[in-house]
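The structures come next, written out as structure tokens.
Common to both upcoming complexes is chain A, partnered first by chain B, then by chain C.
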Partner chain A sequence: MNEQIFVSGKNIPEIIPNLELWGGPIALYLFFGGLAAGIIFFANYFYLRGRSNTMVMTIKVAPIIAPIIIAIGLILLVADLNHKLYFWQLFLHIRMNSPMSWGAWTLTVIMIPAIVWPLYYLPESIEYIKQRAPKSKLIGLFSWINNFVRQFKIILWIFKVFEKNQKLIAYLTLYLSVILGVYTGILLSAFNARPLWNTAILGPLFLTSGISTGAALLIWLSNDHKEIKKFSRLDLFLIAVELFFIIHMFMGMKAGSIAQVEAGLLFLGGPYTAVFWVTVVGLGLIFPAILEIMELGGLKISVWIPAFLVLMGGLAFRFIMVSAGQFSSYHII
Partner chain B sequence: METLERSKRYMNPYLAGLIIGIAMIAAYYFSAEGLGSSGGFKTVVVATTNAINHDYAKKTKFFESYVSEPESRPIKTWLVFELIGVMVGAIISASIAGRLKIGIGKSPKITNKTRLIAALSGGILWGVGTQLGRGCTSGLIMSGMAVNSLSGYIGLAAVFGGGYAIAYFFRKLWI
Partner chain C sequence: MRFAMAMDTKKCVGCGDCVVACQTENNVPLGFARDWIVESVQGIYPETVKMHFKSERCHHCDNTPCVRTCPTGASHVIEGGIVKVTASECIGCGACIEACPYEARYVHPDGYVDKCTFCDHRVFAGENPACVDVCPTDCLIFGDLDDANSPVSKVLKEKDWYVLAPEAGTKPQLYFLK
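Right after this comes the complex of A and B.
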């Protein structure tokens, strides 16, 4: 007699009926990834436009943050793995049709300019902080790092190579930062079993959101009026693009298959409606946009308020998308 | 000079009161509830407690009625969104008048620390009081009187009468 073991495909905890695998750390990682992409994008873009001397904060000081938050994001990512000790295997494989593989490699490669760039500018950054905040404790820390790093001949050699090819490196890094920003969205949209995520607009949407949070952080950190004004304008434009993408995402879902219609309904009457439209669209996009318009119109507004709101909106956006996407699925009618 | 004059400009209080009244009618019309502020804070407390320890919230008398249903979402109430709107509106209105800045409003004779401790203690008493009285100045008195409820009128007499009676002892905090 042949025995047969029948395993039902339905009994898969944490996957059916809803995916329950990714929590806060993943959302936070996507946020940090997008934010870092934004910071690196602006540093390289304005460097290439020849603004090194007028936009010191953007080009020289703020990039210090990028490698730190990428590292925090990667720690969160490793902490989320079931087999933590095997994380290095991602770096031994290249799989062209896996966005995770693309992301792992992009992060690896972008980490090099992300670290070298701010280290190269560290003396100027220290000067900048000394002028604006002479009592800051960061000065001591940065000076120590600067002196420590410049002891090694190999690093001085790296700086020399960097200096020679900076323009080329900036072009490459600019390109990589866009890939990094898009990847945070593509990572989700590659899940064809989750109808909410499985839309091509998620990549550009996450990229825009990431760059917008980057601009917001630069508005917050900078105290140069021209720089703030420039980024306020840019941020307004990015918010408009983001709203456009969000509306089109839902229009696309409404016009899609039944699974996508259901996924869209999570935000148009379903459990995520209030939290999405109030915190992300209302408090995270429209309200800061109003404040920025008022500020550009000449009213005195503390710039950190819209900047803080945009950052929190970006964070909430990722938490909601990660959570709602896992909730959406193909229901068998 | 122009900005200085603008910064002193506040809305006419009678006009502002009229607008609040219209907002009250709109609130009753659209949400079937009046305006309030303590209720929103209470909801946030209930939702936080529920999220951290659902069993405790279920067993405790005060929280019980808000979290008894399995799918209840205490945070999803009109007052929470109203409070978000209040903050958003306050920021916009203050920035139009050029008054938007962080500061501690106090009498020049007391320190910031005294002011903050006094404000915190007052806030705690306010929180306890509103729950005993089932509402604060806006929820109990304004919304209550808007529907001609007797408790609203009693609340009005109690809150302002109590305020006048106690104010003498705490006058040093302000003058």
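Right after this comes the complex of A and C.
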């Protein structure tokens, strides 16, 4: 027997017996960050591929969602801070060694194209919605925003600059969206003290998962058959990559130091086994993949079902990773 | 200058004086502690059961994950290798708490992150940290590692020691004497 017990002090429930400092808001923030990265990635990628007229939903309409969910994510992040009124300190410092610092800056910088892009396309988006859902209340709201915004000369000037350099901006934004997607994973993997998070695969894994949730949302929103088919295929590929990364992650942990072996065991027999393999891998990856294969094979399945499952799987994945990571430690006590 | 602390696990009786001294000296809010005592038991009763105490606090590491991951620079290292937090720069995000393998930091009720300072206000005035001065069995030894004649340099030369979680790569400066 080798037992360690506290005999004095440090009865801090957030820290002892295991960290519970980061919870739902952080997981949601990571989910929204990844989802926004996915939406922005596809809009810019297919714009650069010259699909502006065929993939209207992806390039012009869906990007409206990105700045909204990034803003919600940022609000959640600030709300989760313990010293809230000092949040502006984040923007007085650039610390390249701290993922949270460059993540905050990436989010701020990407907010600019994320807002300008959908505003620029707003008239076309309104047209698109009018054709598909003429009774939608969004038409009135978007028209009002569009008329309001276009009164200002400075905004018309911004649109002009944007139009002239759109290709360059799209390249930069595409790059930023990848950084944003990777950041949601690196934020966690930077902590050596949490062996479960401290793996280099977490960045690519979160990026793939984020882009996959983005594809799922586009499948759900689009009602163009070609677009849906394209994203179903893409999503299948992303799910396969994600499964590969997950297996890779656990193989790495099994072969790692004792701290990493124990971290892996949380998911391979430990308390997170059932919830992870059933919700994230089963319902969030494999089952929607089967549905998508059946759908591509010609069976009629409501497209929103696999899309919804992928989105929920991505959300569950972040909740579980944030919680389980704080469960893993070097067991000093 | 490189401040460090040694802790004699054979002398410690686990009285908790260091904890109370710190709470008093540094106005630590009720229910929180910057240092703490761990009782370590090995073996199975009734055969040989070994027990010792450890008085722990921030390890004031050479390689500081808390300072690296801090997004604002509130966590920083001052002269002598002491790791401190500037409350007015801290946003309370908790990155340093996640980064610390020793769980040596906590969120102060006022929102910022708080931790052991090696009592820098006393140390730079030529005194020992409060926990060291108050220890009834003299099991805490503090000093400058760069000075070969300091109490901590001497005791580390004479006795066997270990550090906690060296595999975390933090190069901790809290030494435990065997």
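We take it that the second predicted complex is superposed on the first by the 316 of 333 C-alpha atoms of A that agree within 3 Å, B and C clash if a C-alpha of one lies under 4 Å from a C-alpha of the other, contacts with A are read in each partner's own complex, and residues count from 1 in each chain.
As a working rule, a contact is a pair of C-beta atoms (placed from the backbone, for glycine too) under 8 Å apart; a residue touches a chain by one contact, two chains touch by 3 or more.
Just so you know, these numbers come straight off a predicted model, no measurement behind them.
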**Request:** Figure out whether A:225 sits in contact with chain B (first) or chain C (second), or with both, or with neither.
**Result:** neither
**Prompt:** Where does A:153 make contact in the superposed view: on chain B (first), on chain C (second), on both, or on neither?
**Reply:** neither
**Prompt:** So, does A:104 touch the first partner chain B, the second partner chain C, both, or neither?
**Reply:** second
**Message:** As a test of reading the superposition: which chain, chain B or chain C, is in touch with more residues of chain A?
**Reply:** C
**Request:** Name the contact category of A:137: first (chain B only), second (chain C only), both, or neither.
**Result:** neither
**Request:** Classify the contacts of A:22 with the two partner chains as first (chain B alone), second (chain C alone), both, or neither.
**Result:** second
**Request:** Enumerate the contact residues on chain C facing chain A in the complex.
**Result:** 14, 16, 19, 23, 31-33, 35-44, 53, 56, 65, 68-74, 87-95, 97-103, 106-107, 110-113, 164-165, 167-170
**Request:** Enumerate the contact residues on chain B facing chain A in the complex.
**Result:** 3, 76, 81, 84, 88, 91-92, 95-96, 98, 100-102
**Request:** Note which residues of chain A are touching chain B in the complex, please.
**Result:** 274, 278, 282-283, 287, 290-291, 294-295, 299-302, 305
**Complete:** Per the touch rule above, chain A residues touching chain C in the complex are 1-12, 14-16, 19, 21-22, 80-84, 86-87, 89-90, 92-93, 95, 97-101, 104, 190-194, 257, 259, 326, 329-330, 332-333
